[in-house]
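Each of the next two complexes has subunit A plus one other chain: subunit B in the first, subunit C in the second.
Moving on to the complex of A and B:
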């Protein structure tokens, strides 16, 4: 009986597995194949020489990878800190207002990321909404708030907020109120409850939110281009340059593979730690 | 009517059979009512395509804009010569690569030579890069524009910028006062000129060293880098920067048409290539060597020579540019004073005289490597 169930499960999973193999695995395998080709070729039918990876090390591309990962890490940490209270309120305190908040946050996703970021350019630039008003009121202005690393991190935080907020709220909703009350009754402090009850029980939500934000931020490009004025060159930018102006597909593919490998390893580690079944409500 | 399983199966078989026949039919299809154009933005607007569609009711006219010359050429190389009928690129490629590789074919000289007579003097000669060594006509010029750098003339006077030329960006006083418009292939040319190097000839070791120094200094002193001309113009207008490296009529014209005539493309008065320091791009539209060509290709190329269509091409949405056809007074009369000011019509002949033709960069790969490394640091 068990064997039959297992076989049926495999059978049901086949279409999805096929779809994933075709739409997700195949492109990555193609990129991987390109990444080991000699440089400046446009087909995968050459003798592999791995020289593109040598170029990655020799030309200091690791610096762009480091910048992307560091900014993604900073954005994820900031997002966690600012989303936790909000998500807590959505899950436990607000009632009807949660829906309003959800709609409000989701609505922002209907507008293209570039347009939203350009709105921030107009707000933060010299003579823009903020500096312009301050200069008008006080008579002294300053140099604008754009074109630096903190503003890129700000952009990441702004754009990826929904991707932290909703999984976190979902995770916090899984913390039973009884457990918190019991801890209170037993004399736990507020801090102890957070550390020993809420964080561990909401861990799947935290992990999903952090992973989503980190992975998306690591591959982000628009924030650095529009808000940051390319104050630092992110790895996605390097990949784009290699494929277009550089006309060096193997180099672009190698750069992409390095990012995929790092982010993939972190994601697999994270997913292995989180009990995703618990989050979708299928507990065993 | 009831559908039996048998009739359903028979129907499916018939459809499968018919679909198997389709590709063969398609290959032999008459392309007289189809035209595919691969171009820079402008030719794909309704102002240009709309009237042509009206003239050829029933025909399928499609135009797709590319983001760089090499990208578009790559499409033809990848086998899309079967798809496209016309290709619109900057001047060096038709003679340098497309014709030798058999990707384009000569145009009907009898049909098109008379149009050169009415063009601006630089093109009426006629324009050398529009011809093969054999004398065949391989492309028709239309839009063009000097492309060097842009300043805010309220902060840096036009005379000073023209006199100082590219050295303006090496001046320590300019640190953090300019941006770099990252059109990478153009940046390479302009950085060579800044270092008194000729980008179109191979460089020696000393040349590469000079280029490295210039690239590091230009990126080191830049307040912002972006490949978005709107973002760059915005920074220039609000005073965040006073100039930007790489730019010209093409990038300054949208701001100028909005009345900001202090945004001005500058062509240096002197430089390292035959005494010239400015660069000019000129688009050529060529007939793709499609094995199954559309007769509409040359019709369209002739159609865009018309005065009002020339204007629509020059004044397509986004950026505004002079067109070679403005040598004809009837065409030039279609531009009003503001529009002429937007394309810096007053200084155009002088800027053209101080510019060399955009060409392929001799040491592109090596310079690109130095350039991206400098950008990163």
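Moving on to the complex of A and C:
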């Protein structure tokens, strides 16, 4: 019995695991190999040196990394605050409206992210939906709202909202009503219930939501390009430039490795803590 | 402990506000797509649907549509198959490396897509494959097959192992059990995974960017036009692409409903 379960599990895992080994793990190993090649070569059969990483420090690429991480952190924090009340209501308060919200939010995921960001460009630009109408009605306009750092963070918040909302709602659904009721009966304030009961018990959902948002925002590129203009250059943008215009694959690979190392460390740490069976299957 | 009526109403209003903000940019794109002027400026003075006619006549747009359809269709079929077996290994069977395997499935979802696209470009180059729309299918699958696996896994968790065991006790072979018990039970999950796979592939941009080679998908073409300056075709084609996904989604939501009505 156990033997068959083990054999079947292994057999069924093989197609997708084999596919990911070949087209996810292998390419990452290749990037790692490229990152220690001398500058401007296109094969990995050279004497390894670490000049690409030297370039990373010397040319100030760390600044892009810092910008990406700072904006990802800001977006994640803002998303958490924005999504908590709504996720709470979806899990505990609403009935039919939860389904409406779920479908409404999921549907936006199916529209290409750059069409939605382009929509924000049309909304926020000078002569766009907001400024154009204000000028039309009041006679005085202002410069558009685009091309600065806050609007990039806004774009990140906008694009990654579903990735915070749904894990949070899932996490809050795991908080038993009895626990909240008991705390309330014992005289806990609303704030105390939030801090002592809801936040700790919803922690798995909070962690998955924050991780997803942080990791995806740190590697995001379209928000800063479309909404931010040249306000700041994010790390994913530097990676792309090094590969395409720069034709310097080792440098691009080294930049990518820095991003992969930071993001991967956070993701692996988070995934290893989460109990996936409980989160997805709601068993136990 | 139930929230008061007032806070209930406030929460509903808050939800509606978030939904409105999520859809506001599409409203702008929609207005822009019916503006007659070549240089867009709000408020729109003259409306026309000329640009839709131009978009539908254009050969480029037709080629883009066909290519995007091909990619999304293939991604859908392959990720349904990979996801079906992957989900059984993820949720149904207890086996030695399951925890490790679950983590491997999750990693690509957490991975920055632009970097993944570039890594794949280097990989294809290293093993001597010229990038085309076929390599884009592989790139999409790296991200979408795990998502399909997770969606089907949700269904597989609620799967009662006793059903398979009963079939086995009555002498069914592994293949028969799969065909007669497992596949019908997981079908709803497989179909919603397929729907997700299609729509996510249809709208994906960061993975296509580096892996399509000389070919171009719809979101890629839109992006190229957006960064190189405004073209009235961008909002129009964007709206067409949104309409296509909305149509598919509407069909997917209504067909089961109609079938149920017909049957009963």
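In the analysis below, the second predicted complex is superposed on the first by the 252 of 284 C-alpha atoms of A that agree within 3 Å, B and C clash if a C-alpha of one lies under 4 Å from a C-alpha of the other, contacts with A are read in each partner's own complex, and residues count from 1 in each chain.
In this section, contacts are C-beta pairs under 8 Å (C-beta built on N, C-alpha and C of every residue); 3 or more make two chains touch, one makes a residue touch a chain.
The model shown is predicted, which means the values in this text are computed figures rather than measured ones.
*Asks:* Look at A:249 in the shared chain and tell me whether it touches subunit B only, subunit C only, both, or neither; answer first, second, both or neither.
*Replies:* In the superposition, A:249 contacts subunit C only.
*Asks:* Please indicate which partner A:265 is in contact with in the superposed arrangement: first for subunit B, second for subunit C, both, or neither.
*Replies:* A:265 sits against neither subunit B nor subunit C.
*Asks:* Which touches a greater number of subunit A residues, subunit B or subunit C?
*Replies:* C
*Asks:* Now for A:146: first (subunit B), second (subunit C), both, or neither, which partner does it touch?
*Replies:* first
*Asks:* Pick one for A:115: touches subunit B only (first), subunit C only (second), both, or neither.
*Replies:* Only subunit C; A:115 stays clear of subunit B.
*Asks:* For A:233, decide between first (touching subunit B), second (touching subunit C), both and neither.
*Replies:* First partner only, subunit B.
*Asks:* Touch test for A:241: subunit B only (first), subunit C only (second), both, or neither?
*Replies:* first
*Asks:* With both complexes superposed on chain A, which partner does A:99 reach: first (subunit B), second (subunit C), both or neither?
*Replies:* Once the two structures are laid over each other on A, A:99 reaches no partner at all.
*Asks:* In the superposed arrangement, which partner chain does A:212 touch: subunit B (first), subunit C (second), both, or neither?
*Replies:* second
*Asks:* Taking the superposition as given, does A:225 touch the first partner, subunit B, the second, subunit C, both, or neither?
*Replies:* The answer is both, since A:225 touches subunit B and subunit C.
*Asks:* Can you list the residues of subunit A that meet both subunit B and subunit C?
*Replies:* Dual-contact residues (subunit A): 42, 118, 121-122, 127-128, 225-226.
*Asks:* In the complex, go through subunit A and note every residue touching subunit B.
*Replies:* The touching residues are 40, 42, 59-61, 63-64, 118, 121-122, 125-128, 143-144, 146-147, 225-226, 229-231, 233, 238, 241, 244-247.
*Asks:* Which stretch or stretches of subunit C touch subunit A in the complex?
*Replies:* 1, 3, 8, 11-12, 14-15, 18-19, 21-29, 31-32, 40-43, 81-83, 85-86, 88-98, 101-116, 118-123, 125-126, 138-139, 141-142, 145-146, 149-150, 153-154, 157-158, 174, 199-200, 202-206, 210, 218-219, 222-223, 226-227, 234-235, 238, 241-242, 245-246, 249
*Asks:* Flag every residue of subunit A that touches subunit C in the complex, lowest number first.
*Replies:* 2, 5-10, 12-17, 19-20, 23-24, 26-28, 30-31, 34, 42-44, 82, 85-86, 89-90, 93-94, 97, 101, 104-105, 107-123, 127-129, 131-133, 136, 158, 161, 177, 180-181, 184, 211-212, 215-216, 218-222, 225-226, 236, 239-240, 243, 249, 252-253, 256, 259-260, 263-264, 267-268, 271-272, 276-277, 280-283
*Asks:* Residues of subunit B touching subunit A in their complex?
*Replies:* Checking each residue of subunit B against subunit A gives 67-68, 70-71, 74, 78, 179, 182, 184-185, 223-228, 231, 234-235, 238-240, 365, 368-369, 372-373, 375-377.
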